[in-house]
Amino acid sequence: MNFASDNVYGVHPKILAALAEANLGTAPSYGGDGLTKRAEEKLREVFGCDLRAFLVTSGTAANGLALSAITPGFGAMLCHAEAHISVDECNSPEFFTGGAKILGLHGPAGKITPAMVEKTLKGFIRGEHDPKPKGVSLTNATELGTVYSPQEVKAFSDFIRPKGMKLHMDGARFANALVGLGCTPAELTWKAGVDVMSFGATKNGAMMLEAVIFFDLGLAEDFAYRRMRGGQLMSKSRYLGAQMLAYLEDGLWLDNARRANALAQRLATGLAEVKAVRVPNPVQANEVFAVMPRVLYDRLLSSGAHFYDWMPDSLGDGIGPEEVFARFVLSFATPEEDVESFLRLVTKG
Amino acid sequence: MNFASDNVYGVHPKILAALAEANLGTAPSYGGDGLTKRAEEKLREVFGCDLRAFLVTSGTAANGLALSAITPGFGAMLCHAEAHISVDECNSPEFFTGGAKILGLHGPAGKITPAMVEKTLKGFIRGEHDPKPKGVSLTNATELGTVYSPQEVKAFSDFIRPKGMKLHMDGARFANALVGLGCTPAELTWKAGVDVMSFGATKNGAMMLEAVIFFDLGLAEDFAYRRMRGGQLMSKSRYLGAQMLAYLEDGLWLDNARRANALAQRLATGLAEVKAVRVPNPVQANEVFAVMPRVLYDRLLSSGAHFYDWMPDSLGDGIGPEEVFARFVLSFATPEEDVESFLRLVTKG
Amino acid sequence: MNFASDNVYGVHPKILAALAEANLGTAPSYGGDGLTKRAEEKLREVFGCDLRAFLVTSGTAANGLALSAITPGFGAMLCHAEAHISVDECNSPEFFTGGAKILGLHGPAGKITPAMVEKTLKGFIRGEHDPKPKGVSLTNATELGTVYSPQEVKAFSDFIRPKGMKLHMDGARFANALVGLGCTPAELTWKAGVDVMSFGATKNGAMMLEAVIFFDLGLAEDFAYRRMRGGQLMSKSRYLGAQMLAYLEDGLWLDNARRANALAQRLATGLAEVKAVRVPNPVQANEVFAVMPRVLYDRLLSSGAHFYDWMPDSLGDGIGPEEVFARFVLSFATPEEDVESFLRLVTKG
Amino acid sequence: MNFASDNVYGVHPKILAALAEANLGTAPSYGGDGLTKRAEEKLREVFGCDLRAFLVTSGTAANGLALSAITPGFGAMLCHAEAHISVDECNSPEFFTGGAKILGLHGPAGKITPAMVEKTLKGFIRGEHDPKPKGVSLTNATELGTVYSPQEVKAFSDFIRPKGMKLHMDGARFANALVGLGCTPAELTWKAGVDVMSFGATKNGAMMLEAVIFFDLGLAEDFAYRRMRGGQLMSKSRYLGAQMLAYLEDGLWLDNARRANALAQRLATGLAEVKAVRVPNPVQANEVFAVMPRVLYDRLLSSGAHFYDWMPDSLGDGIGPEEVFARFVLSFATPEEDVESFLRLVTKG
């Protein structure tokens, strides 16, 4: 029963098979190979638009590099206070951008609003004494398992684009958001005004693979240099291309996400039926957050279940002193039986 | 007939198999898994000493991160003028170190000497108007297919250590150097005074895998933060650990290097027998450099052979106007028949 | 009636005279001159200890450079949420440190406590996923016109020193704090555990002059390189040395601060007597903050008084919708009559 | 007899007087004052064009900031191998640009040519494996006391502009170049294609003052942020404005440079008449370089003359083992008698 994260699970068999298939013969290095090129082409097809895609090996690198294309060191990026770029990446965004300010805004259920952005920008009235606001980063699905709809995303873009600011989407769990919303990749990104995104695959079945995808092609101009300088141009890039092709082929990525989301719904439903447990946020992707008594929490952990407690900061009403805010992440590979066993464990208490 | 680089070849079957094996069940993420830990342990065994090893996905990242542990932004690293860190990494060392100067020294056959370092340091007499010399980086095997012996490495360490400078080894082709020299990993590194090395595996049979290895444990103190910040802590780190274990298991890495080096010897011997061709440098690893008439060069390329011409800067006597300085890289997977076919092609001219 | 800032006033006549005096003959450049050396010597005398002092031209540079000696790019500095380094310097601390996180903590009256630091550090339990806490920065006098006593400063040092963290003091208004507290420079700095400070002179009568002063001499080791690299080693450094000597000579700096503080007391007393006005924080240096009705605020501005409104964030109970939180800064050169005129203006309403 | 540098001399009396004059009353801080604004206006007049000028306190900061507006961290700047930005600023250009490569080209008499730039660019054929060439920096007058004529400057611009590269001029001794050439500020800068320059005043009579001047107004867009972030926005900016106005007023800057250049001519003529001494480069500004026997060099130094020996790298034919390459810098304030005394000292040997 491992709900600690989606990245505790391995690689989807089809992706593993694709790596073996890619292993034949020679291929040009540093991205000149056919698989890398076809992966970019496939992403164009999936998103239904022209775009530039750059494959990298980690989500932190994808975020840092993507942000560096938006903001110089004297700029500021606005995001949720619990965003990965704000609190989980050891100053990596600051590193890749050359020192930009990552400004975390507080909002319920892991989400921010254009009104919060507007209020923050109103404080930037002193010219160069403040950093220059250069963009907004939305995590979709969010760190709290909620999602931004295309309409919500577009509201940000509509607000910031006239100010010359750019919109980044951290899509480490993009597939889960997409499936949760039931919209197309195009609708949730470029049609909603996203300029650049970190397109995650690792958490949803790949081995180590993310893509920085530019819908604003101008931002991509020198990006090959940024990626190389960041140590993210793989010499044997074909193995990134192969992962991406298998990930997208026949909708594997959506199937994986659908499965994970469905398990999250099952878990959430089960937990909500337990009297002592609250599920405060809507469950819209593959994560479930629940407030539970510490005694229950302790019992579950000691019974062998793996999951983490979470900062209750984003809970409007907070939690009681004897309560824990617990996070459960469901993966494409989480055994359905584990969810059922876990729920039995919860209720039998 | 592809001699363009060792990274145009794929992954060794045993390493691929190890990835599949690693795919079972769940594992703690971000390096907390058993394979990653065992990989570090195995490296301790291979080098016969205590050490800290940090797995990353690219050689450029390994170099940049390793250098960042040696030099701050106001420092200088001395290396050969053709070193990868100097001319092949798009300012990545400057990026990771926060702006350090990478000072390329000119020496024959891809090698520098302590005397060259000494002469350069003598120019640093103006205190803070110059950067502060913080270390020397040796590439072993070098970009020109030559090697530094343990004695040669130690001569650098003996000279710079009393000055508080550190010694880095770029071991992108470390296995090839080792096999070429017939010495132990310990003799060529910590026993010769190497403080930190970039231990390459990708070129010699892995998929994407390098390790930053610290023999000076003090330098490793905060390195986990550096790696994370650099976007090089993989969430599914087990697949790096699995590669490294398979790479080192039963001496696979040395077998691979031995094979590549032997092919290089065969090619060099064959080329040297051709009247119009010169092999100016000793062939001590898996690369062969040859001066040949441009007409021959053109004919070989148009016959389907893949290889690059190289800057003749490090050739003491230079090359003629109708000559080309060509590089051939042999890999663990280069078909022996390709070497023979190529030599037939050369001689039939 | 200009209370906008202490830096709207000019240079003290004695410091101006010192510049003229320094203008004779030749002098070694880049800090090799006698005045620069004597300035450092004089600071040793003033602080009663061995120290290293580096003269620079701006407070922002002093802060950035000082912090860069404490924290690498993967580190975090804790400070008050309204600290200059956090919100007034356009990512300059991030720039000089190579991307460190400046973590602003919220506390009343511009001050933080060791307990707040402790609580924050308790959140840093995830190793390299967080930045590494490297230090605390206290502004003394604070941005809200309050001061930290030697005992309060020492409490921070006692708490963080065992954790390997360093203590920085932003002393842009250090003289005002000192005079407000009635203690010695030594008591408020190294005796209280300060490792490095930004010693301000510009706001208190100099032209452009700050010093980065190291009480922890080890931190100063490579600082000459940092200053040079930061563009802060003046070729005609003698004019910085001359300012500093004149500033310290015969206690000019303390006299200036005493005068400014006394005017602040006079203004605060006068304002507190006005029914519609509140002075919420203790006035302990040369700044007065007052909550006043917006109609009064508007009337004062339109009567020609210069002063700024301030973010009311640090006011525990906030301000009413028709109120303004106004800041008044008093300087060594503010005419006494301006304070009286202003108070008449306030009360006549 | 001090010929060590032009910055060993003090401040011109008129500039000192201007500082005193600027000291009256209050003035908006951080560049909002009238003197700073008038200084920019005056520069527009002097250069006869629209421009943006940003005052800073050091030449190193001016260069670093100017370059940061041209090149990102993944870029390369081409300059002479002995350029100040290449060898005298402790990695400051790398710091301000976030790690750009400063590529020094070797050319006689301190000068490079478009052909050298062309040859270097021809080596940049590997895309993102190399940094991206972003600009050329010309020092005028050069470090070797020679000058680039408007035609020579324009030849660079004509060559690099179509490639999207920008032209920077390090004008630490711009006035000396101008006077040496007898052309107008406009002719030597924007009419010749200079995009941004570091306009030096410190060496030629100011206290601490340089300006970053943008002729390409687009490059200036966010420069206020860069300057602030770099710690170079002075709170009491009026004292920079005052220096600049006095410097330009009634052509003081040109008079100063004319005087220094004339002294250089006198010294060069005198030295050239000495049999044992060679003046290898044309003397076109305020510096004289001479090859002399070491015995003479030693005698001169021990007689109390101050001057430095110089790297003979840029001398095509080098120097003999018993020779020294000596530099003499003449200043607006160097006593004429010192030159004559020195020449007597040389000849009496």
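Per-chain numbering from 1; labels A, B, C and D assigned in written order.
We adopt the following convention: contacts are C-beta pairs under 8 Å (C-beta built on N, C-alpha and C of every residue); 3 or more make two chains touch, one makes a residue touch a chain.
Quick caveat, the model's predicted, so the values are computed rather than measured.
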- Task: Compute the centre of every chain as the mean of its C-alpha atoms, then state which one is farthest from the centre of subunit C.
- Result: B
- Query: Which chain pair shares more contacting C-beta pairs: A-C, or C-D?
  - Reply: C-D
- Note on the structure: In whole angstrom, the CA-centroid distance of subunit A from subunit D equals 50
- In whole angstrom, the CA-centroid distance of subunit A from subunit C equals 41
- Item | CA centroid of subunit C to CA centroid of subunit D, Å | 35
- Message: Residues of subunit C that contact two or more other chains, please.
- Response: 30, 73-75, 89-91, 95, 98-99, 128-129, 131, 225, 228-229, 233
- For the complex, which residues does subunit D have touching subunit A? 30, 72-75, 98-99, 127-129, 131-132, 222, 224-229, 233
- Task: State the interface residues of subunit D toward subunit C in the complex, per the touch definition above.
- Result: 2, 4-5, 7-11, 13, 16, 19-20, 22-30, 56-62, 64-65, 89-92, 95-96, 202-203, 207-208, 225, 228-236, 238-239, 306
- Taking the complex as given, what residues does subunit C use to touch subunit A? 73-76, 87-91, 94-95, 98-101, 123, 128-131, 311
